[in-house]
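A single structure is presented below for examination.
Chain lettering (A, B, C, D and E) follows the sequence in which the chains are written, and residue indices restart at 1 in each chain.
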Amino acid sequence: MRRISYDLLFVLLAAALLFFLPATLKALYGKASVSYLSLLINATGLAILALSWDILARTGQLSLAHAAFYGAGAYTTAILLKLADWPLWLGIPLGGIVAVLLALLLGSVTLRLRGIYFAIATLAFAEVLKAVVQQLPTRIAGGAAGINVAALFRPAFIPGEMERWEVAFLRNQSYFLVYVGILLLSILVSILVQRSRLKPAFTAIRTNEEVAAVMGVKPARYKLLAFALSSFLVGLLGASEAHRIGSVLPDETFGIGTTVFALVTPIFGGLYTTLGPILGAAGLASVEELLRRTFEEGYLIGYGIVLVASILFMPKGIVGLIDSLKRRRRKLPRSAEEAV
Amino acid sequence: MDLTLLLQGIVSGILASGLYALVSVGLALAIGVIGIVNFAHGEFFMVGAFITYQLFISFGFDPVISLFFVAPTLFLLGGAIYQSSIRYVLKAPELNQMLLTFGISIILQNLALLIWGGDPRTISSVAYRSIGYQLGGVSIGLVPLASFLISLVIVGSLYYALLKTPAGRAMRAVAQNRMGASLIGLEVNRVYLVTFALSALLAGLGGVMIAVIQSPTPIVGFAFTLKAFAIVVLAGLGNIRGILWASLVVALSESLVATLVPNGDALRNAVFFAIIFVVLIARSRRLA
Amino acid sequence: MSILQAQGLSKKFGGLDAVSELSFAVEAKEIFAIIGPNGAGKTTTLNMISGLIKPSAGKLKLNGQEISIKDSAERCHLGLGRAFQVVQPFPEMTVEENVLVGALFGKSGVSEATGRKLAQEVLKQTGLLALKDTPAEELTLLQEKRLEIARALATQPKVLLLDEVMAGLRPGEARQAVELVKNIRNKGVTIVFIEHVMPVVRDLADRVMVMDYGKKLAEGSYQQVTNNPQVIEAYLGAEE
Amino acid sequence: MSTALKVEGLAASYGKIQVFWNISFHVDEGEFVTIIGANGAGKTTVLKTISGLIPLRGGSVQAFGKSLKGFSAAKIVRAGLGHVPEGRQLFGLMTVLENIESGADYLPEARKEAAKTKDFVYKLFPRLAEREPQLAGTLSGGELQMLAIGRALMSKPRLLLVDEPSLGLAPALTKTVFGALQQINKEGVTVVLVEQNVQQSLKLADRAFVLENGEIIKEASGAKLLHDPDVQAAYLSI
Amino acid sequence: MKKLLTLTAALLLALAYAQPVKIGILSPLTGGAAGTGQAQKAGFELALEEINAAGGVLGEPLEIIIEDTQATPAVALAAFEKLMTEDEVEFIGGGFSSGVTLALVESFRTFQPLVTWIGGAVSGVGIDGFDGIEELLGNEPWFFHIHPWDYQNTAAANAFIASTGVETVGLLHEDSAFGGPGAATSEAVIESQGIDVTLREAFKSTLFGGAGDFRATISKAAATNPDMLYWIGYDSDVLPMTSQVRELNFTPQYIFGTPPGWPTDFAAAPEAECVAGLIGFLPNLPTAEAQAFTEAYTAMHGSEPDNYMAALAYAQLWAYADAINTAGTTEQDAVIAALENGSFRSPMGEWSFGSSEITSRQGFDESMWLVFQYQDGKREIVYPPEKATAPLRSCR
C-alpha cells in the first residue's frame, strides 16, 4: 500500500506539472506554443489509446477492436447532441459507458478464444460495427456523411486585449487539460491495476489461464473487467476527440488506424507497464514529427524503419531498454554464470 | 427475384473465391509453417502489382509474361526480408512480430508512394480482361474464371507439394515439430527462409492478378491483408486446403447478399466479417 | 466420510482410453499416492480432479459435495489445491507475486492484507522467503518445485494434489521435501500425490493406488502393492 | 577398437539457465552403453547437447574422431549420429510411412539406401509395416517409440542416441524395443541408451554410467551395476 | 553612433520588407488520398516556378510550405496550427476531404487567415441535420472556395445526362461520404428531368476495403436495362467497374462515371472505349492555357497532368500571387478585395470568384466540369457543346 501512495504522489506531481505546461510553453515560445500544444494533444491522445489497450492486453487479450470502442464513444456523444439538447459535456462519460457495454458484449462471447483467433474475432467485430453504424437511419447516425459535433471550447476573441493566436492557445490549453485529465485517469486505473490484486490476477491469466484458474482466479471475471476498464478510457477519448475534430464519419471514426496504433505504441514503449505506453506515445509522436520536419518526402519510410529497428534492438520496448541499462549500471548479475 | 440474376450472383461469388484464395494461401503458409504473423503480406501483392505494371510500361510485357519475373523477384524480396528481420523474431511474442511487420508494411507502402506516386495506375492493354462468356443469360468472366482455376491449381499443387515432395514434407516437418525436423537433417532456418520467400512469391502472383483487374496503388494491399488473415483463421491455421472452402464461403455469401439485398454490395465487408465473427465464436463454443 | 471421492471417472482422447472407470476414495488427512508407469493416466486423473479436463464420464465429490460441474476456480475455492508435474510458475512474476496469486484468489473474500500475510507465511514455510523478489523465470528447478508447492499451499487447500514434485531432487532434498509434505499433512491437509521415486512413496504414503492403462491395478499399503506381482510386472518391468 | 564418441568437460545451457557440468566419457565403436540416473539428473540434456539440439557451452564432443563444434543438429545427423529423442518428436500429422521416409529424405547417402533400410526397419518392427498409412498422431505409445527408432535408423546412423524408449510402455513392448536396440547394436551401430528402467537396460549394456546432478558418479559394466547395492537402493527400492 | 543606428534601422526595415510572402499548404501527401495530395503538390511546384520566374510576389520570390495532413483530421489540425504559429503564414492553400475540413473549421475561425480551399465539396446544402463546409464557412469573408460544390457537381452531371436524351438511368454509387449522401439528391435531380432512374444501388469502393468485385451490383443494374449506367465512385474503382460491365455483357448506350480522378494510362485500355466521365481539366483541352500548362507540367514532372487537382492547385497559387501583387501588400482586406475583384489564370481558362448557394467567394462552378469520352484511346470532350472536340458516341 505504501507503494501506491508513492505512485499517487508521483501522479499528482505530474498532474501539477502538466497543468502548468501550457502556460510554461506560452511563456517560453509565445505563439508557437499553440502548435506545440496541438502536437501534445495528439500525443496525449495516443498515450490514452496505448495505455487503455495495454490494460486489456495485460490479461492476454490482444484486441483489434479498439477502433470500435473509440468510435462508440465518439458516436455516442455525436448522436446524443444530434437528437436532443444534451449538455455538451455529458456525452463524454456516456461515450465511455456505451463503449463499456459494447466491450462487455464482445468480451463475453470471445472468452474462449485465444491468440490470433481472438484478435481476428475482435477485428471482425469492429468492422461489423462500422457497417452497422453506417447503415443506421440517417436521421440518427448521419449515415455516410456523418454528424457534426460541437466544439467543447469556444474561447471568445476580445479585440485589442489579446491576439488571435491567444484564442487558439486557450482552446488548445482547455483540450490539453481534458486529454491530460483522461490520461491521468488512465494512469490511475493502470496503477490501480498494477498495485492491487488485479495485477497478479491479470498476469496469471495472461501467462497461463488454466493454471490461474486452478489457483482460484476466475478468468472470465477479470477478462471482462479488463475489457470494461480499457474500453471506458478509450470511449472517453473517442468522445472528446469527436468534439475536437468536429465530426464523426464511419470510415474515419472507426478507421483501422486507431486499432493499429493502439497496439503498436505500447509494444514500442514496453508492454504491461504504466510507463511503457506513455513513453511509447511520446517516442512515436516525436519520431514522426522530427522525421516530418526533416525530410520533405518519404518521411514515413523513416518511421517504418524506426519501428523495425525498435523490435530488433529493443524487443521489450523503451521500458525494457531502460531496465537493462539500469541493470548494467548496477552490475546486477544477469546470468547464472555470475550467480553461481 | 429474377432467377438469372440469382444464378449470376452464385457464379460470380464462386469465381470471386479464387482471388480470395490466391491472396490468402501465401499467408496461410507463413502462419502455418513459420508461425509468423505477417502484417506486411498485403504489401507483397502491392509490390507484385507494381512490378507487373512497371514491366508493362517499360517493356510492354503482358501480365502473363510478367508472372515469370514477378515470381522470382518476390521470392528474393521475401527472402531478403526474412534474412534481414523476420528471422530475429521467430520466437518472439506475436505482438513483436506484428510491430515488426507493420513497420515493414509502412516502409514498402511509402517506398511505392515515392516511386510510383499515389494515383492509381493501369495496365492498359490487356486483351482478355473484360471477356465474358455468356451461358444462358449468365456471364462467366474469363479473368475470374482463370483466377479461380489458377488459385485451384496453385492451392492444389501447393497442397500436393506439401504432401508429396521432399521440400513440401520438409515444410510440414518443420511446422509440426521443429526438433524432430532438425533430427532428420533439416536446417530449420533454411526451410523457414524458403517458406517465407515462397509465401511472398504466392502473394506476388496474387499481385499480378490484382494488377490485371484493379489499378495498383500503394495501399491496394492493405485491405487484402486483413481479409487474408480472416480467411486463414477461418480455414484454421495451417490448413491449406481449408483456404479454398473458407474463400468460397465468404465470397459466395458476399455475392449473394450483394445480389439479394438492396444496396447489398455496400454490406460486403460487413457480411465478410460477420461470417468470420460468428464462425469463430461458434467454433470456440463447440470446442469447449 | 471420504474427503475426495471419484466414481467411474473416465476420459477418452480420440479413440484412446486415457482413464477408464476409475473409482477411489481418499480419507481426510490421509496421504494418498498414485503410482504407475508413465502414460498410465495419473496426470489425466489429477487434471480431471482439478477441473482442467472435463471427464467423459464419472463423478467427483469433495467433502461430500458434487464438484463435477464446477470450474477450476470454484474447485479451488472449495479447497482443492494443485501443484503441477511440469512446473508452471508465472515466469514474469516474482516468487512472492506467484504465491500471492494463490493467497489472494485461492479462497473467495481474502483481503489484500490477509493475502499478503498468508503469502509471507507460506514463503517462510517453504523456505522461499529469501527469494521472494526474484523473478520466477530465474529460479532453479528445485526452487521452482518449491514455488509450485508454495503456490498451491497458499490457496489454503483441504486437499492438495501434488504431481511428481519430487522428480529430479537429490536424495537429501527429497528428504526435506518429504518432511515438508508431512508437515503440511500434520496441519490437517489431505494429500494426493503422484510419484515415481519409490523411497518417497514408501516414506510418505498411507495408502497407494497403482494405475496401469488408465485403470486401477491395485490399492493398499506400500507393502501390499509392492508385493503384488501384477504391480511388479507393470511398474518395475518383469524379470526374465 | 576406435572411439565412436568422446565427450570431454561437457557444459550446456538450457533456456535461460546455464548448467555447468563436467561430464567426460567415451564410447567405443560397436559398444552398447547405458546411462542411468534419476529424473532431472541431466541424462536427456547430455544427449541433446551431443546431438546439437542444445547449444554446447563448454567442453568438446567428438564423433568418429571428428569434432562436432559449431555443428547444427542437422549437420550432426549427417555426421552419422542418430537421435531418438525424449518425447519422440515425430510428425503427428504425417503418416507412418512419411515419418519413416522423412528420416532418409534429406541425407543424400541415406536416401540411396532408403528402400533397404526401410525393409530392415519393418523387419525389426513388423507393426510399423501394418500401420504404414496411419497418421503418426493416432499410434499407441509403443508404436510411436518404434516409429521414432525407425525414423532415426533411416538416416543410417553409425551411432544411435536413444532417450528413455521404455517411457510409458507396457513391459512386453519395452522388451520388444530393447530387443530391437540389441539387434541394431549387433548390426554394428553403436548405441547410447538413457533409461530409467534400470533392470532391463543394464542387462543390455556393455558398459553403464550413473549420472547424478550432471555428474557421472559411477561407471562399470552393466551386469556389475545391476547388482550394485547403491544402485539397487536408489532406483529399485527393493 | 547615431549614423550607425539609423543605418541599422534602415537595414532592418529593408530586411523586413524583403521578407518573402509565405503560403502555407495543407495537403494529403501520404495515406489513402496521397494521389490527390501528390497531384496538388505537383501543381503548386509548377505554379511556384512560374511565379518566381515572373518576378515573384511583391518583388520577392514566393515561398510555399507544404504540410502533409495524411488525410487525418487531428494531423491536419496540428499542421494548420504549425503553419499559423511557427511558420507564421498569413495565407492558407491546399485542402482536401470534408472530414479534414470540418476539423479545421474552429481553428480557421480563430486565426482567420486568408484561406483559399480546394476540395471539401460537401456543402451541406440539401442535407438535413448536417452542416457542410459551405454552410459553416460560406459566409466568412476570409474563406474562398476553389472547387465546385457537391450540388454543382450534381448539376453538371445532370445537365450532361439530360443532353444525351436517355430515358432511363441506372445509378450506382459508392457508400462513403463521397458517394453516399448525394446519391438520393442526384436521383431526384435526374428524375426532375423526366428521366427514369431504374435503380439506385450502393457499392463498396476499393478505397474502403472493397475487393473490387462489382458484378452483383452491375448485374442488378443490367437487369433493369437502363439507357445509361451512371456511377459515382473513386478512381481506383474505374477499371474494375468498366471491365466488369463489359464482362457481364451489359451494354447500356452510355457509361458515365464521376470519380474524382481517372487512373493513369486508362485511356489506352480497351475498357475505356466509350466510357464517359466528368473531369475538371483535360491535358488535351484545346485551349492555349491548357496546352501551355500541360506542356510545362510535362516538362517539369515527366508525365501529363492527369489529375485535375494539379490544375486547381496551379490556379490557386497563381490566384494568390496575382491578388497579392494587385493589392501591393499582404494586408488581408486588400488581398481579399483583390481576390474578389480580380480574375485569374488557370489551365481551365480565365476565372474569378463568384456566388453559389451561400457564399459569394466561390471559385469554379458547374461550368468547370467537362464531360469527356474515351474515344479511340483518347479523351475527347463531348459536353458542353461549346467546348466539345468530338460528338458523343453511343456504346451500342
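In the analysis below, a contact is a pair of C-beta atoms (placed from the backbone, for glycine too) under 8 Å apart; a residue touches a chain by one contact, two chains touch by 3 or more.
Nothing here was measured: the structure is a model prediction, and the numbers come from that model.
S.K.: Using C-alpha centroids, which chain lies at the maximum separation from chain C?
M.R.: E
S.K.: Taking each chain's centre as the mean of its Cα atoms, which chain lies farthest from chain D?
M.R.: Max centre-to-centre separation from chain D belongs to E.
S.K.: Return the distance between the CA-based centres of chain B and chain D, expressed in whole Å.
M.R.: Between these chains, centre-to-centre, one finds 43 Å.
S.K.: Rounded to a whole Å, what is the gap between the Cα centroids of chain C and chain D?
M.R.: Whole-Å distance between the two chain centres: 31.
S.K.: Please tell me the distance, in whole Å, between the geometric centres of chain B and chain E computed from their C-alpha atoms.
M.R.: That pair's centroid distance is 35 Å.
S.K.: State, to the nearest whole Å, the distance from the C-alpha centre of chain B to the C-alpha centre of chain C.
M.R.: 49
S.K.: Among the residues of chain A, which are close enough to touch at least two other chains?
M.R.: 127, 134, 297, 300 - these are the residues of chain A that touch more than one other chain.
S.K.: Hey, what residues on chain C touch two or more of the other chains?
M.R.: Within chain C, no residue contacts more than one other chain.
S.K.: When you check chain D against every other chain, which residues touch at least two of them?
M.R.: 16-17
S.K.: Residues of chain A touching chain C in their complex?
M.R.: Residues 1, 196-197, 199-201, 203-204, 207-208, 210-219, 272.
S.K.: Quick one: which bits of chain E touch chain A in the complex? Just the residue numbers, please.
M.R.: Interface residues on chain E, with respect to chain A: 29-30, 68, 72-75, 77-78, 81-82, 84-86, 88, 98-99, 102-103, 105-107, 110-112, 122, 127-131, 175-177, 179-181, 208-209.
S.K.: Under the touch definition given earlier, write down the residues of chain D that touch chain C in their complex.
M.R.: Against chain C, chain D makes touches at 16-17, 38-41, 138, 140-141, 166-171, 174-175, 196-197, 199-200, 203, 212-213, 233-234, 236-238.
S.K.: In the complex of these two chains, what residues of chain C are touching chain D?
M.R.: 14-16, 37-40, 137-138, 140-141, 164, 167-171, 196-199, 202, 212-213, 226, 233-234, 236-240
S.K.: For chain C, which residues are in contact with chain A within the complex?
M.R.: Counting only chain C, the residues touching chain A are 50-52, 71-73, 76-77, 82, 84, 88, 90-93, 97, 100-102, 104-108, 112, 115, 151-152, 155.
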